[in-house]
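Both complexes shown next keep subunit A, but they swap its partner, so subunit B is in the first and subunit C is in the second.
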Partner chain A sequence: MNRLRLNNILMALVIALAFIWLFIPFVMAVLWSLVDPSQPWTADKLLPPAMSFYRWVNMWQNSSLQPALLTSYTLAPSAAILSLLLAFPTSFALGRIAFPGREVAKTLCLLPLVVPPFITAVFFTALLYRLGLTAWRPGAIIFAHAVVFLPFSIRILTVSFETVRQDHIDAARDLGAGHWARFKAAYLPALRPGIYASLLIVFIQSIEEFAIAFIVGSPDVVTIPVLLYSALGQDYVRPNAAVLSLILVIPNVFLMLFLERLLKSANPTLASGKG
Partner chain B sequence: MAAINIQKLSKDFSGFKALTELSLDVREGEFLTLLGPSGCGKTTLLKIISGFIEPTKGHILLNGKDVTKVPPEARDTALCFQSYALFPHLSVRENLEFGLRQKKVPALDRKDRIADVAEKLGLGPQMDKLPNQLSGGQQQRVSLGRALVMRPSVILFDEPLSNLDAKLRDQVRLEIRRIQKDYKLTAIYVTHDQAEALAMSDRIVVLKSGQIEQVDTPERLYAAPRTGFVADFIGNANVFTGRVLPQKTPTIWRIETPIGILETGNNAGTEGAEITLCWRPENAEINDDGALGGTVTSKAFQGHFTDLMVETKGVPYRIQTSRTDVNEGDTIGFNVPGPSVILLENAQ
Partner chain C sequence: MTARQWITVTLLLMPGLGLIVWLIGTVVYIAFAQSFGLYNINGESALTTAYWADLLGNNIYLRSVRYSTYIGVMSAIFSVVLAYPLAIWLRKPFTGSMTIGSILKAPLLVHGLVAAFLFVNVISYHGILNQFMQWIGIWDGPHRLQNDNNAIAVLILQTWKNMPFALLLLTGALQGISDDVLDAARDLGAGSWARFRKIIAPLTVSGMQAAIVIIFIGAVSDFAFQVIAGPINRQSLAQLMVGYKGRGDWNSAAVVGATMIIVALFGSAILAGLSKIVMRGRLK
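Up next, the complex of A and B:
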């Protein structure tokens, strides 16, 4: 009885928190994006006095939103894939090969994440310039994102590699499987959730990343966050910023849900059908 | 021709000798069991035969061909894993088919072989299920089937039954043996369960610290163990050291042991020699005017016999009897019949 009550209270608390942190800002963003320029939304009014899609249409047609979307949604998947490819050999070593100091190496791989992102951005881009790797700006951003978010990929994939069972590898080998068949039968099913998770996390991080994209890319390459920051900057127009942030966040929500499904289907113990 | 020749095989794991100069021939169609305590090198030997571990020294011949350097994927051996190692994302049928696909066996042929094995193992209704939808016994059968469809020259088992409960173990044990005979397979079977080894094997190899202690049929191994280790590992044995006394008659030798004097027709050697001998607990005959005697310290009723721990002058040993009228604290007399006294090599 008491326990049930406690559960209910906790549940209510969680819902309230979610409401305050997620729902309210989201609704505010939606409302702000719908404010019609004819009448400003002043603090004394609960709802905007006039609502329309004017801001959305205007942003879509008259700003650099379209090319920015294209840029962001090209750079982010590329960075996600590159990061995955870069992480693969390291994660394999960390997850499957016993060597002295392996645990230390694993921790070291996570260390870059404790540095504030802006500092990483500033110094990493400086390094890129020093190395002369900025000739092709989109490429430089992809590379920089892939490297900066590599710790996520490495960590996720290392755990995945650790879950690959040696007896599956041995069984495949004993049954005559070559390298590729062994990878497909023994490694891939165990790695799949990690691969999806790594792709998604780097994708989202890259879509939202401002500092590197700004320093390396400007003025030619404009991503959505760069656009957003400039909307927040000299000519701050709150409704426009609301439109941009929604454009940034909505696809991520869908991606999250999509990933959830993928992860479930990748795990044969949860799926009813074939994995 | 022997199916497998193992020639002076040694394996060092960074200084630790897991196997030392081990030589062994496995006959074609034979069911050979590797038996020994934990850590004696059974799995290591099996992995060397299947190709997963390269020996430090020595050679291994499969059907007369040296395969010491051949990798496992190219070796004509099939391994049944203790953990089954079924691919969780593949159905039973796909698991069975996996090896045949790797070997590029034509589709029709694959179907025939799988149908044959599925029937023999009673897997028909399970073919489209995933491994995690099967019981332990069924998974074990799929793992056996996956090895069988390959029609390997040698099939290797590493403690395949240790994850099954006792009853199922007996059943699958018989099944493995039947199928091995049906397919006339050469099988090497690893276990540390002596009952399993005795029940299944054509021959048993007793291993101790990476070396062969004795190779023989189950019957002979039980009746004539060469060392105390084998005697005690296969069945129970009371092992004693003794001194040979002057012979009673030209055909009867007398040996003084810590629990008394034993007489045997087996040649114990010259007077004064130090020897090691043993006798099986079930061979002692309880008898009030027996030549030997002791005090019962504990008693365990086992159904068809009673297990007694007996002590003579502080030396404990075991007697098994069908009599049920002996109690703790009783003083009993008994005889060990001459033929039951087994003389052992002194080295322990």
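Up next, the complex of A and C:
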């Protein structure tokens, strides 16, 4: 059997498997979200007997979906901006200054990724209780998200800072540019894709984050994942859970695809205008 | 470097790296301190090993340590074992390999809770899997598949979610091997197995260790999959910890939390070491 034929057989196999492990589950979720309550979807029927957008409308009007969306989509951009601001100085040091121990510092930046999220959530709450800072939970979540997702923004921005060309900075300085003008002319063009990518990735991570939002925010702050969690547990109504799942997953798929394009454009040639 | 430069670097690192080390350090410190009765939220703090002694004699705790370790090890092994051949297959681009790669990596974009819902939906009592098995005549009636005692549902979910991640890291490691090295080996008479064992395996060890460690830590500390799809008669460490915390028993929660950190740390060191031995085919 030649290599080409083997490849084609393997490809057919993967696509068939993907049909089972991706396509069918999502079609089921879409169908469940469209079940009209007038006629239940019983096991003997292949498709729901009556389909409508009733569940979507109902969830929109009569559940905590609207406030949860508002909460999630307020917390996430705040965490993204805070994380970017906190990452900026560190990334500058890691990307542009050669100091002993730089590799150790880079590795230490990954710490939040290896500590289990529920540990961070539970004992960060303990810290808040001890400090008497439990009053403003959204603020606590924004802070925790910004720090926990710092590894992403630091990593992305460090790479961006590394791509800034020293001759651009020198040229700007030779032409008499001050600090701000040098930053705008030499740094910013190279940093821009990294800044967008960092904002976007922390935004997506924060929208999806469950442990901290659930533990630190309970019971006042309800984000989309927290709402979905309760819809899967104590208030399990399958069509409602289907609606929430789709609301959580669809925007993020598009944002991730956008992020991938952004990260692809973040190469030095494009960022500095020459190779 | 001069003292002045050191001060500049330190100041620059403070808001980013400084906050990370402070937050994670504090969190881990509180977990260990509270497990020994220190840094209490309610009541007096006093150094004691009573909470550890209490839980170490508690069957629910011991069972959940074993259970979480089992989930962590199995999830890491399944994900890497499935991802490895796929990564080798996708090493050299061919027509359609990009599409295949994207399809395989799609679960990375799906939230864990959503994945759990999708899966539970498929395996539920009147779900599509039960219907299908009855339709083709293998099963007479619907089987109860959700919350199975061996946590197969949790392992399938973990693998579903983590295999793409392992694939991502392994593809990166494999694509870093240059064709020249493999061609040279072939010219010297190395067959596929020898090329795999002597070149590909040793050169991808670090990528594989990274995948195993990160998947293991994530699966050991799993909460959502366990609560939604896991067995009812045992609890994962995270579930147990959240339960204690919910009842206001911070010290027991801290013992479980500290245990989780210890298991994650030692478990990943052991797994990383073992995978190195296996991939190099020798002890040193």
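The rule is short, and it goes like this: the second predicted complex is superposed on the first by the 219 of 275 C-alpha atoms of A that agree within 3 Å, B and C clash if a C-alpha of one lies under 4 Å from a C-alpha of the other, contacts with A are read in each partner's own complex, and residues count from 1 in each chain.
The rule is short, and it goes like this: a residue touches a chain if its C-beta (ideal position, glycine included) is under 8 Å from a C-beta of that chain, and two chains touch if they have at least 3 such contacts.
Keep in mind it's a predicted model, so treat the numbers as computed, not measured.
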Should the superposition on subunit A be reported as showing a clash between subunit B and subunit C, or a fit? fit
For the overlay on chain A, what angle lies at subunit A between subunit B and subunit C, C-alpha centres, nearest 10°? 100
Applying the document's definition of touch, where does A:208 land relative to subunit B and subunit C: first, second, both, or neither? second
Have a look at where A:54 lands relative to subunit B and subunit C in the superposition and call it first, second, both or neither. neither
Which of the two partners, first being subunit B and second being subunit C, lies in contact with A:73: first, second, both, or neither? neither
Comparing subunit B against subunit C, which has contacts with more of the residues in subunit A? C
A:168 in the overlay: touching subunit B, subunit C, both, or neither? Say first, second, both or neither. first
Smallest inter-chain Cα gap (subunit B/subunit C, superposed on A) in whole Å equals 9
Taking the stated contact definition, name every residue in subunit A that is touched by subunit B in one complex and by subunit C in the other, in rising order. none
Counting only contacts in the complex, subunit C reaches subunit A at residues 1, 5-6, 8-9, 11-17, 19-21, 23-24, 26-28, 30-31, 34, 39, 41, 89, 94, 96, 100, 103-104, 106-114, 116-122, 126-128, 130-131, 142, 160, 213-214, 217-218, 220-221, 223-224, 227-228, 238, 241-242, 245, 250, 253-254, 257, 260-261, 264
So in the complex, which bits of subunit A are touching subunit C? 7, 10-11, 14-15, 18, 21-22, 24-26, 28-29, 32, 42-43, 85-93, 97, 99-100, 105, 108-109, 111-120, 122-127, 129-130, 144, 147-148, 150-151, 154, 208, 210-211, 215, 225, 228-229, 232-233, 238, 241-242, 245, 248-249, 252-253, 256
Write out the stretch or stretches of subunit A touching subunit B in their complex. 165, 167-168, 170-178, 181, 185-186, 189, 268-269, 274-275
Interfacial residue positions of subunit B with respect to subunit A in the complex: 50, 52, 71-74, 77-79, 81, 83, 85-91, 98-99, 102-103, 130, 132, 146, 150
